[in-house]
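Letters A, B, C and D mark the chains as written, and numbering starts fresh at 1 in each.
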């Protein structure tokens, strides 16, 4: 795997493609097949008890694997999420960002599969893990 | 299974517990072990191409099974999502609501499992399906 | 969806393609997009406590959705399982067969998705549920 | 996490508890929260095309996380698989064993969650990955 997009290019793409959601995230690091993204946790993401909501964690998992794929195949492709299994393992720590480390397990012509581990910033134990599959449409 | 909460009681609970998100949803029907919820699709839920975002569908699946459980065990319990597997099967139709039909497969003392099928209003083919597991904390 | 293979043709195919495993199963019913298969529970499938093993239930789920797909696309195709999420919900009843009801949710050109509910014969409550995704290779 | 059972104790337990299946597996390594198991691939595990069957990979994933849990909580507990999501990523190499590396993500009082990555011996790319959840019954 080679990197086709830099961190800055991915960031610009994200703001163009998802203007409503992009400001929630920060791309901390990108490598060929690996990407670290951060959810800048805000009131909007919280549930009673100051815990980050499930949908907010799902969205972070989805965006981080999606960007890891894009970084390698380039921005013209329109990968579509077809499946996700996600485990919510521990309550996130209050008042800190969530860090997602995504890793591609497969990048085929038609399907990509990635794993992601989500931690509260500064903690080693995972709060969630997910595996996502994307369908990659044939090049036009 | 018996019903402990009516549609109106569930609706009031949802607005109290999730004030930011509750206005996105409408509970169409509730029965013992079954519940139909609707996502009132809005610009906020859309991705480029007028398709409903994955996180918005995940949130609908989660809320519909969660409310189906609550309807049977009552509002004092704090069920927590521990696992979700979700398949995104077809592109939702543009400009219509999404209808989620949730069904409980198990309601044990410690674990509940529910299935949910999501369709675009007026269509018979599913756009997504999900299974969710909830941990039910012991009564205090 | 139209049916391309009858129950007898599916049965003959299964015995040709999986000679070691085929005698474990019986196809009870086949329809376009739906299939009922039975695991003829035997000592080999049991775990201590007379419960059917997880791998035996996984295999039943896999074979029933696989045959439901084959029934519609025909025997020449080589669908490959790419993903399964399975929930083990209750302990199966001792000494009776397991009945799997499979239903196709999608049958696209490249991907097929099916749901399956497994019950102990004569019981209404599910012992397991699974969703499986298959990759369908392009026609040669 | 501390180790309560050695490799030899786990091996003896496996042969006592699953006499029919235990001779298929070999425990290569055990550590607190991590375990490597091997499927000694045999004709019984194969499908046409010399590929290892899905159920055989599922069984390997299940046994490796199960033993990783047992190694830490001890043999008296009867952990039960409640959920598995498994991705079949590549065709296994022909004629070599499968190596499963299991890792516990959570070991709570009531629930344990583990990840497992399966590779063909001597290859670095994964052929399958799975996440499994186990319910741990309360101590009597």
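A few remarks follow.
As a convention for this text, a contact is a pair of C-beta atoms (placed from the backbone, for glycine too) under 8 Å apart; a residue touches a chain by one contact, two chains touch by 3 or more.
Computed from a prediction, not measured in an experiment: that's the story for all the values here.
Comparing the chain pairs C-D and A-C, the larger number of C-beta pairs in contact belongs to C-D. We define each chain's centre as the mean of its Cα atoms; on that basis chain A and chain C are separated by 33 Å. If you average the CA atoms of chain B and of chain C, the two centres end up 28 Å from each other. Note: centroid distance chain C to chain D, computed from Cα atoms, is 23 Å. Each of residues 82-83, 85, 87, 89, 133 in chain D touches at least two other chains.
Under the stated contact rule, the graph of chain-to-chain touches is complete, every pair of chains being in contact.
Of all residues in chain A, only 82-83, 85, 110-111, 133, 135 touch chain C in the complex they form. Chain D contributes residues 17-18, 20-21, 44, 47-48, 53-56, 58-59, 62, 80-89 to its touches with chain C in the complex.
The touching residues of chain C, when paired with chain B in their complex, are 85, 87, 89-90, 105-106, 113, 115, 126, 129, 131, 133.
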